[in-house]
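One chain, subunit A, appears in both complexes that follow, with subunit B as partner in the first and subunit C in the second.
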Partner chain A sequence: MLRPSRSLTRYLPSFPLAQHLLLHCLYRKLLPIMGPYDSGAMTASSSSPGTSPSNFDGLLAGAGYIWRSSDLQKVAQRLECLENVVVTSPSDVSHLAVDGVIHHNPSVEASWVDSLLSELIPLVPGSESCSAAAFSDPHSAGGSSSPCSSLNPAAVIATCTDQSTNQHQHQSQQPLTVVCTDAEEDSGIRLVHALMTCAGLVQRGDLSLAGSLVEEMKALLTRINTGRGIGKVAGHFVDALGRRLYQRVRVSVTGVGFEHEILYHHFYEACPYLKFAHFTANQAILEAFHGHDCVHVIDLSLMQGLQWPPLIQALALRPGGPPLIKITGVGPPSQDGRDSLKEIGLKLADLARSINVRFSFQGIVAFRLEDVKPWMLQVSRNEALAVNSIMQLHRLLWSGSSLDLVLGWIRNFNPNILTIVEQEANHNQSQFSDRFTEALHYYSTLFDSLEACHLQPHKALAEMFVQREISNIVCCEGSARVERHEPLRKWRARLVDAGFRPLNLGSDVFKQASMLLTLFSAEGFSVEEDEGCLTLGWHSRPLIAASAWQAELQGNSQV
Partner chain B sequence: MAGSNEINLNECKKIVPLNTWILISNLKLAYNLLRRPDGTFNRDLAEFLERKVPPNTIPVDGVFSFDVFDKSTNLLNRVYKPAPINEDQWGIIDLEKPLSTEVVVPVIVFFHGGSFTHSSANSAIYDTFCRRLVRLCKASVVSVNYRRSPEHRYPCAYDDGWAALKWVNTRPWLRSGKDSKVHIYLAGDSSGGNIAHHVAVRAAESGVVEVLGNILLHPMFGGKKRTESEKKLDGKYFVTIQDRDWYWKAYLPEGEDRDHPACNIFGPHGKNLEGLKFPKSLVVIASLDLVRDWQLAYVDGVRKAGHEVKLLYLKEATIGFYFLPNNDHFCMLMEEIKNFVNSNCQ
Partner chain C sequence: MAEEQKKLKFCINDHRDVLVEILKRLDARSLGVAACVCRLWCSITRNDALWEHLCFRHVSPPPSGVRTVVVALGGYKRLYMVCVKPVLSRLAGAKIGSDGRGTGGGGNGGDSDLTRRVWRRHGAQMSLSLLCVDCYERLGGRLGDASASSLMFLCEPVNF
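Moving on to the complex of A and B:
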């Protein structure tokens, strides 16, 4: 007894048996006969007459359809069959056929007609438009454009980049791609594609075209939800691009100042990245200070000193009693005449006094880290020294000498430990479009993770903090571009070159960090270990990395 | 019904080259499934299935293109220009210098077809067609991405067309000739032809923009009554009365019938074009288009109102014959258009 395939049944549920039989025959007999595409890539806009060398009908290719000339007859037959079938059924059934159907990826198939008949995907991109991401969520009949899970920007971008790089690798081995047709998803994908195209244009210097693309993207943005997901991230990037192209005077968002500190604080509260950074560094510092009576911490960017109360408390509680603690905090000059460094120092001193810890503080005012002179830091020989850098070292990368300078005097101090936390991203590549694409990936993941955090107003202001980073990466160049993030592997190389050796953060730290994360953060964050360093990421994409270092042994060491 | 449909398909295949037949049938099939009987349209799927192409600033076959978004009207237009002779200039989009200071370079404002519902300026079929226009007619083309029905009904498409026309007219980089003006022709196929007519009327009434000529490529017109050609050709050459009705219902304001002046130009509610400074027209009619009687009535009506119309009546041509340049009709069409837009050249 002939029975049609399950999917065909789903397509045309109310067909009488005779027509089911007809469809089944078609299904059996008219399997697609197209083979894998050869690598003679064709541009959809080619208007070459007649047949191209690779046997594809050149004229149809110009219209976006890739078929071999030799196959045209058979394609025509199949179209006729399908038409007969569809025509004999009432039009409301054919409408069901579409709304309840598994849609295939049209940039891979030559004819969706075939998919309707046979469920197999023949070929090849017909146009350069970015295809939709694959979601493994087949429709059930009856729901037209049923919603997918909220559009994951990172997934969208991953698929988009795959498509654009795989354009000329036409896979017939590509598995069945099942797709939801969601207008917003489609706009989101277009947006990502447009963003990357725009970055390429900016890189090539095609600025007026990039500008019109920015306008087009702004239009696309009106069609999607910019409150979350891909819309939000894309919105920031479109803004940044717009500013890069149109602002005559680039306002350099260098991330310094009172406002920056506020936003930093909210970023700290909203999501676990900074808390993780502080915790991990503090654990390493605590270990390094073991057995010392005099300890000195140099914080290369004090901000609001959020990192230090837990360390002071931990030192207060250690067996044998607390050491004498000195903290040196580096920070920019205050804009409103206050001495904010001193204020924070006083707060920390208050805390220390309340738990009976001998404490002193000094503030070093410097607009840039490279302006700090070693003698200002008043490092003495009998103290254990920890130098702590949370997301600061990358700011020195705009000039080759700045980083060398700073690492040089750190090394000369021979600290017991140098703790470094940096964004785990590659935003300092020489090509603009490379940086841009990386940033798009990175910040999409970051925003994804922020969505999991609910604390308001922290979340909104945290986003502002992140948005400034994006702006800096996209809009600024030269010394104004301070957000020159580099991944752990590059930092390893730089630090080893500068005469440091890595310290293993230790499995205890790893366990504790993981535990704290589970207790205090949303699902989805993960702590990983990376050759003695620790990273915190979102769904196994590391976003921030913590490492510890010591100066390479030269003669006597203080350890 | 199945039987007679088979005859239809066979007959059609004899007349039309195979690849054209496949192209148009493919479109037809897709469109059938996108139109819902309740008058709504599966826009998501339509966009998904549509073959679109990006513009290219590096010329291909002597033509390059770029998209321009006009903030004030929210319109996206795709501009096509002949490639600069100097290769050093390739990839640069000049939005300042005119097309030429010596000769007149016609600018064709093109409204793509799709029965007011389908396609866009960046659809592969229309992008390719516009490129051919540039090359064969030595013109610059601006393809307008007007808003489509059923989401945007009458008069949105005309409003967008008019906005685009005014925009084109004020672009210094589209000027040419010693008089440094933008030399504009309106063109469109199917619904695009309908839009071209209405925009030309608006231009003539406003007196603000001069349109040098209209090119209507089997324009989409209709009316309440069923004409001979509709009855005779229903379903025979890719198009049915039923689908025409659906598109009109999706475009015209709710509750209006096909004698609405947008559809039936010289019908009971039609506007009087006498005395209006209406441009000369080139109307191309495919004899196997089921609305050909309405198109012939249009030609009559325009002539009676005292305006010049050149009629190109193509025997044994079906709709969409110009998508692929594989037939004589295509060549004739391009020749006519070329002469039409270059006849004013100094």
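Moving on to the complex of A and C:
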């Protein structure tokens, strides 16, 4: 899982190479296979195949670090073992945290790690067999001869059967997973390696070197299968990096417009994330509307309104009969002159009429959410109000005041419930390479889960949808970068600051989400509960989080 | 002789209500087979009421007031064929109550019946929701394909 490696990076010296090595550990799935990494000529450029007899790692040499690849492996192994120990250690190992130490010499690094290991191992009971969680490769379960899975941390196998990290010992063990062809895996790992290095270079401002690295990566890409797995994800990231470096005019992929709606629709159908979002929010809203005769839902991004038919139907069937339903949908102006919001409203009204529900709709046209004024929404006093935001609030984070503005007027309405669904990722960090790393992890997990879908054209278009998010995160800056995802804990802090208190989503919501999952043929999805919020993830890495909120009561509760 | 004559005179097709009661207890595949017997049986099996019984047979208590909604959204037969059948078969296949994937229910034999019934009720509700989305998509719009694309994932083969 991703969390162990994060804990480890906290304790490592603040040195980007250590992170590279961790990735090296994580993505080389099988310790016994040292061969290809050793024997391959470690040149970065494919045009000069035989020019590094000294076995220096060419990619790192380009970045200024002269390390032998064999040394890399030793340190990588030790780091792997260290990671195991840190994860399984019951006691707090924070006393080992080191800050500001820079190691350039691998032998120094190795001995430092060794000293850490020797300190830690007495702390962990039974650590003589610091055995690991061996996860079976999700793709091998699928049966096809798949190339190596993308950067799925859950596929890490780390076995240190005893404290000696002797590689010969490992070779005698049975291999734990099916692995793809050696050359391909080798290229895949080197690609990841190169991506991280390039991100670091971009952050440092070394754009010419970054550019040449991008060319090398494109060459590497021709050698691996870009149809699936790590090749596909890496391909998108390499493209995005290339665009960042070479495009003069940054096309801001802001995620509005007719194309975006189509891609969104296909993303809805290819994988369960949006369905989970809609159904979870609907169930929470349904519970909040209990007993009210006049209800009003404000949708901060209507799209095609796919969320609302089930809510209308559920309200129609509730004991006591349906209330008067009002839906206010916010959307961008449509580019081809049609009034798309009105069309969606008419469709919803059609549906509501066919099941005998009193319904009214109003559409608010706004290019950005901060342009919406509260008076436009026509909220009246004697109705129950729900505000629903599916992956919209993070777009407001580029300026501190925008989010405060929007949360302010939401809070002033004192809604019965505010449902928020956001991507569970940390893509809004100030440092570019941190964002890049996080995005690489997140989107490779997401692409892994998309592999499970076999419906074309939904799958291909869903991937395009995701690829636009990647482009936005990597290429754009400032107000153009709208995909500023933040994890649930940060949203909690922000919402509490803005005067909201969390509502528990409840067991019915959880059951419904689990039910939704059983309908999807892929077995990797999991719903988890996180302090009253629900997250949907792939192989226990949460990818999307749903939560519900209410305005905090104040002394003079005036609306 | 009189008895034999009485026997010969009995024909199930004369007793339509009894026939309906019998056909109500069949499963979907048998209903399909029954529809091929004769015109009367065909018209009876096309009757939505039979499918209503099929959809909510295992749900206890059956949801009330559903009929108008379902009829408006496409009818019970569509509900069954497109939503309920795959939902129930997925539920039957998935180890309900015993897998760790967030079922939240108890695993022992005593609860399993209750769990199964609870799941079927949730399954019925979910089927209704999915049918609603399906109907909404078929209302047509500028996205072009009027086919129920959002339910295609239910047609996927499942590997358990």
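Basically, the second predicted complex is superposed on the first by the 372 of 559 C-alpha atoms of A that agree within 3 Å, B and C clash if a C-alpha of one lies under 4 Å from a C-alpha of the other, contacts with A are read in each partner's own complex, and residues count from 1 in each chain.
The rule is short, and it goes like this: a residue touches a chain if its C-beta (ideal position, glycine included) is under 8 Å from a C-beta of that chain, and two chains touch if they have at least 3 such contacts.
All values reported here derive from a predicted model rather than from experimental measurement.
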_Applying the document's definition of touch, where does A:V379 land relative to subunit B and subunit C: first, second, both, or neither?_
neither
*Go through the superposed model and pick first if A:H265 touches only subunit B, second if only subunit C, both, or neither.*
second
*Which superposed partner A:L495 touches (first subunit B, second subunit C, both, neither)*: neither
*asked:* Tell me the contact category for A:K347 with respect to subunit B and subunit C: first, second, both or neither.
replied: second
_For A:A551, using the defined touch cut-off, is the partner it touches subunit B, subunit C, both, or neither? Pick first, second, both or neither._
neither
*First (subunit B), second (subunit C), both or neither: which does A:L407 touch?*
neither
*Kindly classify A:D186 by the partners it touches after superposition: subunit B alone (first), subunit C alone (second), both, or neither?*
first
*Once the two structures are superposed, pull the subunit A residues common to the subunit B and subunit C interfaces.*
none
*Which of the residues in subunit B come into contact with subunit A in the complex?*
1-2, 5-6, 9, 13, 18-19, 21-23, 25-26, 28-30, 32-34, 36-37, 42-45, 47-49, 51-54, 56-57, 60-61, 66-69, 71, 74, 76, 91-93, 95, 123-125, 127-128, 131-132, 323-326
*Mind listing the subunit A positions that touch subunit B in their complex?*
43-47, 49, 57, 59-60, 62-65, 67, 72-73, 75-76, 79-80, 82-84, 86-88, 91-92, 94-95, 97-99, 103, 106, 111-113, 126-129, 132, 144-145, 179, 181-183, 186, 197, 204, 206, 208-209, 212-213, 215-216, 218-219
_Quick check: in the complex, which residue numbers of subunit C touch subunit A?_
63-66, 68-69, 72-73, 86-87, 90-91, 94, 101-104, 118-119, 122-123, 125-126, 128-130, 132-133, 135-137, 139, 141-143, 149-150, 152-154, 156-160
_Can you tell me which positions in subunit A touch subunit C when the two form their complex?_
142, 261-262, 265, 268-269, 279, 282, 304-306, 309-310, 312-314, 316-317, 319, 338, 340, 343-344, 347-348, 350-351, 354-356, 453-455, 458, 507, 510-521, 523, 525-528
